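The following blocks contain the structures, represented as structure tokens.
One chain, subunit A, links the two complexes that follow: it is found with subunit B in the first and with subunit C in the second.
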Partner chain A sequence: MLKLLDGPQTLGRGRIFWSCFLAVLAGALIYPLFADSYDVGNFAYFLIWIFMALGLCLMWGYGGMLSFGQTFFFGIAGYGYGVLAINMGGGTATIAALVLSVVIAMIAAGILGYFMIWGGISGIFFGIVTLSATLVLAFFLGQTAGPEWHIGSARLNGFNGMKGMDPLTVGSFDIEGSALYYVMIALIVIVYIALRMLVNSSVGNVIVATRENPQRAEMLGYDVRKYQLLTFVIGSGLAGLSGALYTSWGQFITPSSIGLPAAAMPIVWVAFSGRNDLTATLVGSFLLLFGFQTITVYSQQAALVLMGVLLLATVMLAPQGFVLGIGKLVVDWWSRRRRRNESPALADAGRLQSDET
Partner chain B sequence: MSAELFSVFYQFADVFAFLILSAAGLAIVFGMMGVINMAHGEFIMCGAYVTVGLVNLGVPLPIAQILAALTAGIIGMIVELLIVRRFYKRPLDSLLATWGLSLIVTQSMLLIVGSAVRGIGTPEGSFAIGGYTFSTYRLVLFFCAVAVLAGLYIIFMKTRFGVIARATMQNAAMAKALGARTGRIYSISFGIGTALAGLCGALYAPTMTLIPTMGATFVVESFVTVVIGGANVLLGTAPAAVFLAMIRMALNASYGQIIGQIGMLFAVILIIRVLPEGLSSVLVRRGR
Partner chain C sequence: MALVDVKGVSKRFGGLTAVSDVDLTVNAGEVHCLIGPNGAGKSTLFKLIVGLYPPTAGSIFFDSVDITTERPYARVQRGMSIKMQAPSVFKELPVRQNIQIALQERLAGAERNAEEDRLLSLLNLADDCGKLAGALSHGQQQWLEIGMALALRPQLLLLDEPTAGMSPEETYKTGELIKSFNAEGMTVLVVEHDMAFVRQVAQRVTVLHLGKIFARGSLEAILEDEQVAEIYLGKTHAH
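Showing the complex of A and B:
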């Protein structure tokens, strides 16, 4: 099982990488002891979006399916959590609401994905069909202002959004502040490790083979549509997880977190970071969210203009992504320096050893 | 009875005009270069703003609309030269680049112009048939849509440019080998596409509130029309618009705009399962 952590589909392997990983994790774990609770809440907020980015990275970078519909599933699960949490009452039922809302998003992804993938839609059309669905959902929710729009006792409230649901709660303990932060960290570690294992497993290899050449993968005997649907459902489910966590974090959700320009954000994060690698996406998305939040305080429009500039600059200058590119440069420089210091044979031996562990 | 019939036609014409006008520019660019221009909505917005600006300066509405379309076309050719040109071999990246552009333009407009500008009212004038009154301007829009289709037919089927453009569409490398300057063809086609987007914005400017994000109200319709139309846009776009307009009209009449839009989206998702290549593939097969 653990062998799958390092493999051909993920960058970063061996003792150095995992030491860094553990160091960052340890830093993240002790962070709330030093920072004030406002900053911890802010960090938890950035971490919410990471799932969505990792899901898009899986679909786009590994599966070759450019989905513009991450916020569609974000919205379905976000509103789903709100409706369920309000109707089932607070308390431990919110955990069930979280799980159920993610399941609902995955079912929606299964249905939409079935029609698109079995219909043979790919490439550009995959993007614009998912984006159309996203925009229609945002328009629909935007006009549900009247009292006649309600599900159970949950009012949809149109453009102002739904509010009044309980945050995640176990018994009588609200998961907020640093507790929520730790839940996020745990979930991110689990999702990151699980995705690494997935893409390095035989299923992951088929997913990547489908990206490279669907016909060839099909000739080798795989029903590529099933693998694509699986990728789409997992990736969209992760967007759903982000949505449900978002609603529970702020106890509100509005249609503007679904429509434009929100729908473009996951694309910017993943494109800028480097869609072909989970680690690059994780690091890059976090940095972008951090920067975005810092600028948004002054002007949201300016922050969004910057996001547009980053997207344009990425495709024009570094189509594989900036974080991935810089990461590769650093690794190259590092290994060149090591090669200069040690004898080449020893360096190779070290690499072989770390592959085995 | 004839009044009811006309009323149905009027509603159909309204939706049809919206679909054709918003999709024509996108379809031309997609058909020629295989590029989906994600900044399409922003060119529509550009057309609308230029129109309103000129009308507020005292320019008569029709002239302002033509100038707005030309402005959008010229800006489009500049964008093609600076950005889109590099991505003809990477269509997915062109999607991202133009989306980045769209973000930059919309948000900069919000920063500079602010959220709303003083609009210009819909040109007045109505006529009555039976017990119903209809706005004349909506019919003008329908005739503009038909004129756009006719104009495209003439440009692409009856002119020398059209022959070369269709050759480039079919096989760019071969057209180039035969001496067609494909780069220039692409540039002009992109210009025509964005000019049509500008025209759409110009024509709808009097009927809606001007906000920098107004492009988003057009893009869903233009996307689904192009998806259903399929790869051969000269053949597919008009039937696709007729088909979608019928669905939309029926749903609009009984359930309202938003259900009409949702219904249209569901129809599109069902159709791509059966006809992934779009309507034009069926028409092409019939033609052979």
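Showing the complex of A and C:
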């Protein structure tokens, strides 16, 4: 099982990488001890979006399916959490609401994915259909302002959004502030490790094979549609997890978190980071979210323009992603350095051998 | 006993009939070569057998089971394997991983590792196993794809111009490789233009011309057929 952590589909490998990973994790764990609660809450907010980015990385980078539908499933699970938490009455039931809302998002992904993949939709059309679904949901929710638009006692509330749901709660303990931050860290570690194991497994082999050459993958006996659907459901489910966590964090959700500007954001994060690698996506998305939030304090428009500029720069200068590109440079430099250090030893060994003969 | 039975199969693309009412039987355990001039419909017939194209008319049986409407992956699971005309490998993945993907359903663990090593050295790719498949030469990509097809241990191996881009030595070695797998019981259907290669491996030959079966029989009988010589081989080659 542990062998799958260091497989061919992930860039960071070996003792040095995992030492760095543990050091960063330790830093993240002790961070709330030194930071004020506002900053910890902000960090927890950035981390909410990481799941969505990792899901898109899996679908797009590993599976070759560019989905514009991350906020579609974010919205389904976000509204799902709200509806369930309000109707189930808060308390520990919010945990069930979180799980169920993610399951609902995955079922929605299964249905949409089935029709797209079995219908032979691929390439740019995959992006167009998922974007269309996203826009339909955003516009639909935008016109639900009237009192007739409710599910049980949960009002959808149109553009003003749904509010009034409880945060995640265990017994009488609300998971907020530092507690929410630690839950996020734990979930990110679990999801990251699980995805690494998935992409380095035999299933992951077929997922990347399908991205590379679906016809050849099928000619090796794989029903590529099933693997594509699995990838789509997992990736979209992670967007759903982001959505449910977002609603529980802010105790509100609006259609603007689903619409076009929001739908483009995960594409920018993952493209800038490097869609072909989970670690690059994790690091790059966090940096971008941090930067975006910092700039938004001064000007939201400037932050959006910067995101657009970054996407353009990525496409023009580093199509494989900036963070991944830098990561590869570091790995190459390290390998060259190690080879250089080993070569004098090899030369000595060779000399010794020739002396003996 | 017929392993593949193609009955009255036609394939039309708009106004073009690429394959017209073809009957073809490939017996279990034989090496059967399909020859014919360019545009004869050989590759189309291959793609019909393996399921990449649905036939416009007719039926295809594999091991007495009607597979006409089955998808390619299901046919592969029944025991078919194909090497396409243009190299079709996973270009952005390392050579070893290409072989691994082909093997992983059949073998696991140390057994799979050993089979990977065996195939890589058999295909002269052991030294390049860490390279990306797209960085290999055209001939090496052909070898790799043959290796991936062989890794499935199919009952029926379909090879569409397996020696294109190979040197005469590599072509000969490919022929010997095919014969060795055939000796172990594998049925092979080959599309090939290289007559020396056909002579090396073929036990039976079918000639396609303008999408129809033009002649069939042993290579000697085919070579003596004046009409075949006229449409395809050129009279000087026939004698």
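Here is the rule we go by: the second predicted complex is superposed on the first by the 336 of 357 C-alpha atoms of A that agree within 3 Å, B and C clash if a C-alpha of one lies under 4 Å from a C-alpha of the other, contacts with A are read in each partner's own complex, and residues count from 1 in each chain.
As a convention for this text, a contact is a pair of C-beta atoms (placed from the backbone, for glycine too) under 8 Å apart; a residue touches a chain by one contact, two chains touch by 3 or more.
Every value quoted in this text rests on a predicted model; they were computed, and no experiment measured them.
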When subunit B and subunit C are modelled together on subunit A, clash or fit: fit
First, second, both or neither for A:202, with subunit B first and subunit C second: second
Partner chain(s) touched by A:334 [first = subunit B, second = subunit C, both, neither]: neither
Which of subunit B and subunit C A:173 touches, first, second, both or neither: neither
Partner chain in contact with A:290 - subunit B first, subunit C second, else both or neither: neither
Contact breadth on subunit A, by residue count: subunit C or subunit B: B
Contacts of A:223 with subunit B and subunit C, given as first, second, both or neither: second
Contacts of A:159 with subunit B and subunit C, given as first, second, both or neither: neither
Per-pair minimum CA distance [subunit C against subunit B, superposed on A] in Å: 5
Shared subunit A surface residues [contacts with subunit B and with subunit C]: none
Interfacial residue positions of subunit A with respect to subunit C in the complex: 8, 202, 205-206, 208-209, 212-213, 215-224
Touching residues on subunit A, where the partner in the complex is subunit B: 66, 112, 114-116, 118-121, 123-125, 127-129, 131-133, 135-136, 139-140, 143, 259-261, 264, 267-268, 271, 299, 301-302, 304-305, 307-316, 319
Of all residues in subunit C, those that touch subunit A in their complex: 50, 52, 71-74, 76-77, 81-82, 84, 88-94, 97, 100-102, 104-105, 148, 152
Interface residues, subunit B side, partner subunit A - complex: 34, 36, 83, 86-87, 90-93, 95-97, 99-108, 110-111, 213, 216, 219-220, 223-224, 226-227, 258, 261-262, 265, 268-270, 272-274, 276
